[in-house]
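Shared between the two complexes below is subunit A, which has subunit B as its partner in the first and subunit C in the second.
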Partner chain A sequence: MNILKTTASILALTAFAAPAMADDIKIGVISVLEGAFAGPGMDGVRGAKLAVQEAGGAVGGNEIEIVTMSSDASPDSAVNAARKLIEQDEVDLIVGPLSGSEGLALRDLSKSYPDVTFLNGSSASQDTTLRDASENFFRFGGDGAQWMVGVGDYAFNDLGYESVAIVGEDYSFPYTQVLGFMAEYCEAGGRVPEKFWTPIGNKDYSSIVYSIPQDVDAIFVVLGGADAVNFLTQYAQAGGDKPIIGSSVTIDQSVLDSQGPFKDLLVGAPSGTPTVSNFEGEEWQAFVASYNEAFPDGFSAPSIFGHHYYMSTKAAMLALEEVGGDLSDGQEAFRAALTDLEFVTPTGGTMRLDENRNGIVDNFVTEVFEREDGTLGNRVVKVVRDVDQYLGMDKDEFMAMGPVSRDNPSCP
Partner chain B sequence: MKNAPLLAVLLALPLFLNDFWLTQVATRALILGITALSLSFLATYLGVVSFAQAMMAGIAGYTIAYFGPNTVAIGWELPFWLSIPLALVLATLAGALTGLVARRSRGIYAIMITLAIGVAFFYLTRQNYSLFNGWTGFSGVRAPQVFGLNLRAPVPLYLMTLAVAVAALVLVAGFVRSPLGLTIQALRDAPGRVRALGIPALGPIVAAFAFSGFIAGAGGILNVWYNERISSFSVGLGPIIDILIICVIGGLRHPAGAFIGAIAFVLLETFAVDLIDRDRFNTLIGLVLLAIVMLAPNGLQGMAAALVARLRPRAATPKTSI
Partner chain C sequence: MTLFFIVTLNGLTLAALYFLAATGFSLIFGLMRTVNMAHGALLLLGGYVGFSVVEATGSWGLGVIAGGLAAALAGALVQFGILGWMQGDELRQTLASIAISIIMADLMLWHWGGITYQVTLPELLSGGQRLPLLGVGYASIRLALMAFALVIGVALWFLIQKTRFGAVIRAGVDDQAMLRALGFPIKRIFISVFALGGMLAGMAGVVAASALSIAPGTDLQFLLSSLVVVIVGGMGSVGGAALGALLVGLAEQYGLAYAPTYGAVFTFAIMVLVLAVRPQGLLGRAEK
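What follows is the complex of A and B.
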């Protein structure tokens, strides 16, 4: 027992040892710094730090201090991290989290802490802001459906795919991506006769490979990382030759670099994403230069996670500047400034929020191409500006579609 | 009554600790300790290490979420005085079923079979939407209001958890002294002889698992009130292993070890990040756990007991079992 008490008191002392200055503004950053997502998660933290550095580390004479916390990508751990940041480290703002179900959990938690402002990191669940929204939860970015805007239209009108089968991981993010695709694709006249949902981390796709109908024109693959590589390999080995359409997480450089028999299937594959690392826009190039200077040991260009944490933190910096660092009255003035904020994003568009405090964003349609040396790259086909959460539809019509699920939307 | 001073200190904790320490550290440690106690009971007295305790706790938690107020519009609301007993009954049944399946297994085979049950339950919750709401699970689960008192408020939640923890320890102590408890320990030490005496083994083993399911269920109910949510992540491999780690670092020789392990675990998990470079805190957690296992093979509880014994050489050797 004695050892325990000593340990406890040492730990307690350390925790209380560094009291913050009264005027400091503390930002808690929640990201995934352990497990499979540690690489992307660390890039999220870099994005947040970059925004603070660019603001000079202070706003209106108030030092900005960043406190990072790790979650393991589960909602429970994101909630624990947020509670510690708020109650123990006494942060004023929280930037994060990384993944969708964490976002929903923090949205719920934010209702219990009305004096803290939550700025979403890169989580892209639709309902975080669309249904049951929270007054103090802001997302300066899009949801998974917004990230697919432009692809359905491109697949039907430019590529001429009249029917598409879908293979996706069985949880909310792929459902939302499918909504973003199908909203446009079905409207344009396309059909989706069959959807196959598989558990995340599945290794054996043979039952799906052999069930894909022969009469579809393409397969929309909503799988990420190793799942995508496994499915594409098994599909190609079974002699599958349908063209591929990728989700925002499928056409990743790590998938493009994989040695597999599926290379031919991927060339020409379109996908949708809010972040293209080699985009040639002027603002993006400036952003990449600033990122590389600040983090020589980071990625060669910011990832989707770095990009989104950056935008949220930048929004916080700009709004803080506008109110001179004033966070009194339950952060009322600061939140009003956030709500009315407009700024130019690294992708060159104008970021602003809709009535649910969700970003109106730029989105890219990209396509895989083969370089002269035989490696695969991803290039921009078109940029869609001002994508809102209703995907350009009438609000009531959009809400009438109901929450996404395995079977919603549907156009067989 | 030798534990009275300790109990008095624990009861007085709300006077000294702020909400963060009381809820995030003390209450959370007690809740994890209750669930871990269900495993250390099985490991100590039946000699079986079960990886299905997170499943039993999860069943109770999901029952509370399904039959309680939540924000995902699944299930229907029952008054808490119905949903709580229902959750405990279902967790006990889950424990009994696990016992029925694993009754002939020991050692590594029991670990494999209970691990399979735990992981199967995890995938069920992740894929089933009508009962478990899949990946997303339940959110907005609120603890009941009793006579206008919100049981999720820091002090009531802490005192309630403390009461449940004490009750669980008393129950375990009573159970292992009962004829059934003695039979279970006999099965642990000499299963062949017990059978030779004509005592059927099935009943006691299933009863032990059912009892551990009941305790895990109590922990699961408190956990869902504490987190205000439950999802497939709450019953995954992470929580399954956490429970085992807590038992091992606490020590398996005395039921109280589960709680000591839980305190060490929660302190480490909460504060390691403040002590070391934030990208490397898992290394620190791992090193400390390794050190505990190497320096104190009987866990922190065993270490504390040895220390007390050395300080008071003439006192009777502390009872380590029963």
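What follows is the complex of A and C.
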């Protein structure tokens, strides 16, 4: 069936490619469509398509055409995809990429293509917008630190965890998530005696498992996908019983839906995330309904990736609408419209940008629970509205903390 | 000190897994000079099939056998249908096997999707054992994994050293042309060795899916570790694969425990060292 669909869509593409008008607006979407992140990556593309569909596929009489390119989650593949989209397909806008380090690479690349506007997909490294920002790179979403707001406070004050060990993958996104957690947690009085950074795609965590100090109250696991599954399994097999705190990707539905006996450890685990599939909010329910109607073979609800690609593309549609599809003068009017844009997000908050073109967002503190049919889901513990990139701190004070790294922040 | 013993034990169990994955690869190369880049894909296929069978029947043993058989069949098909036609042209075979591995990986992604699978363990293996002396819990499956690798290793040694089929394989490793001249059906032998290698890979896949987990990308990880293991240990011998697996497994675990940031470097440092000092591998014989 899928082969049929693919063939049909290839045919459709070639059929529609020919009569493209000069005024058509081309959007290049970069997402990970191969390897371990292919499932989430496809959802990102769905999100972008949904936003275009909801706008009727056209803005001010200009047809919108989407060109999709795959990266393999590495920065150089994202750069290659962007170059191909800009130079061969001559796209006007780029929506993407998916993962942290890719975002930093595209931010740098965007400086060499000042006539193309880049809208971040779901990539959430802090420095993509915070330091060394690029004039034509916009992020209608938060960074990894914003996604953890509320969790540190909840872990210390509500759950009473006084010290926490951290296990995370060794790259920019987990560092950023750790910052978001520790900024609040250390301020509240908690301690983080030890952090373990492991290579992405590590299979065997057992030696880490035995190195975790016995006197911590909980473990903050900043691992995604298969890495999270492997760690949790091996931790459980070794008889580990400390409570788990999850990162935004650890409790993603793709992990919760994975098969295996590790799931018991996760029930009750708190986490922070900008996207909760079971959220009761009215706008979210409408968004899910629209997603399900457009993609019957998609997930049961949009993932964090679908949600973020959707918001970026929606922002592009709204700004295009405002300027009547005018992308002349190096897209000046369009970018001004993007900068001043305000719209209601699927989570019910108001999306707007800060001075670095980074989103001021809603964030959720969630907890994993077991549904009646035995599957796992996330439920909302509390919603934190209007989270900015400085996490509510004073800008100078925040910047003085310096860039995130393995050892920054620290409160042993 | 406890940590050191635990890490050593972890290194040994990981080595057992690497050994299972790498022997088949090593055997195939030893006999036919084929660098089978689809070996990782065979392993992943075995793992997926094993998972599906365990889900359907509830029997772990059946899953391991089914995974092994599925990969054996796929391996035999690859040799019979594709690589067999370019026997003797090693570069072309290597390139073709890379193509096969990519196609297989995409087909598996299509069928099983991008999520992570773990095989449910039988009751007997699912818990942990309290280790005497050390006083810490240790996963039963990992202990079983070591025993499993030992049994497979001994069985392979017996097959290759003591049986007629093994004698033919050894003769083929030494002098393929003479074996052919003596009238042995070399095509059929090649196919059976490919099936044997596939079976080992498939069983390793199910075991890997039980002790760790499998997901798209697992194929490449095990292909890479198999390559390193046989380069270090020496191509074509069971003992070489065992020694190589031991070194790589231990290096990886010590690295992860004592210098996590640079863990991956140790493995490759060993490989570079071996290539510089003894290019044929520790137990390998120099090419004539």
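One rule holds for everything that comes next: the second predicted complex is superposed on the first by the 377 of 412 C-alpha atoms of A that agree within 3 Å, B and C clash if a C-alpha of one lies under 4 Å from a C-alpha of the other, contacts with A are read in each partner's own complex, and residues count from 1 in each chain.
Here is the rule we go by: a contact is a pair of C-beta atoms (placed from the backbone, for glycine too) under 8 Å apart; a residue touches a chain by one contact, two chains touch by 3 or more.
Not measured: the values here are computed from a predicted model.
In the superposition on chain A, A:D76 makes contact with subunit B only, while subunit C stays out of contact range. Once chain A of one complex is fitted onto chain A of the other, the partner contacts of A:D204 are limited to subunit C, with no touch recorded for subunit B. In the overlay built on the shared chain, the residue A:D257 is in contact with subunit C alone; subunit B does not reach it.
When the two complexes are overlaid on their common chain A, residue A:S101 makes contact with subunit B while staying clear of subunit C.
Of the two partner chains placed by the overlay, subunit B and subunit C both lie in contact with A:D170. In the overlay built on the shared chain, the residue A:L33 is in contact with subunit B alone; subunit C does not reach it. In the superposition on chain A, A:M182 makes contact with neither subunit B nor subunit C.
When the two complexes are overlaid on their common chain A, residue A:A218 makes contact with neither subunit B nor subunit C.
When the two complexes are superposed on chain A, the residues of subunit A that touch both subunit B and subunit C are 2, 38, 170, 199, 406. Those residues of subunit C whose C-beta lies close enough to touch subunit A in the complex are 2-3, 6-7, 10, 13-14, 51, 55, 109-110, 113-121, 126-128, 136-142, 208, 212-213, 215-218, 221, 252-254, 256-257, 260-261, 263-264.
Across the complex, subunit A is touched by residues 18-20, 23-24, 71, 123, 126-127, 129, 134-137, 139-140, 227-229, 231, 233-234, 236, 238, 260, 263-264, 267, 270-271, 273-275, 278-279, 281-282, 300, 303-304, 307-308 of subunit B.
Contacts from subunit A toward subunit B in the complex involve residues 1-4, 7-8, 11, 14-15, 33-34, 38, 42, 68-70, 72, 74-77, 79-80, 83-84, 87-88, 101, 104-105, 108, 132, 170-172, 199, 405-406. Subunit A meets subunit C in the complex at residues 2, 35-40, 170, 196-199, 201-208, 210-211, 225-226, 229-230, 233-234, 237-239, 254-255, 257-262, 406.
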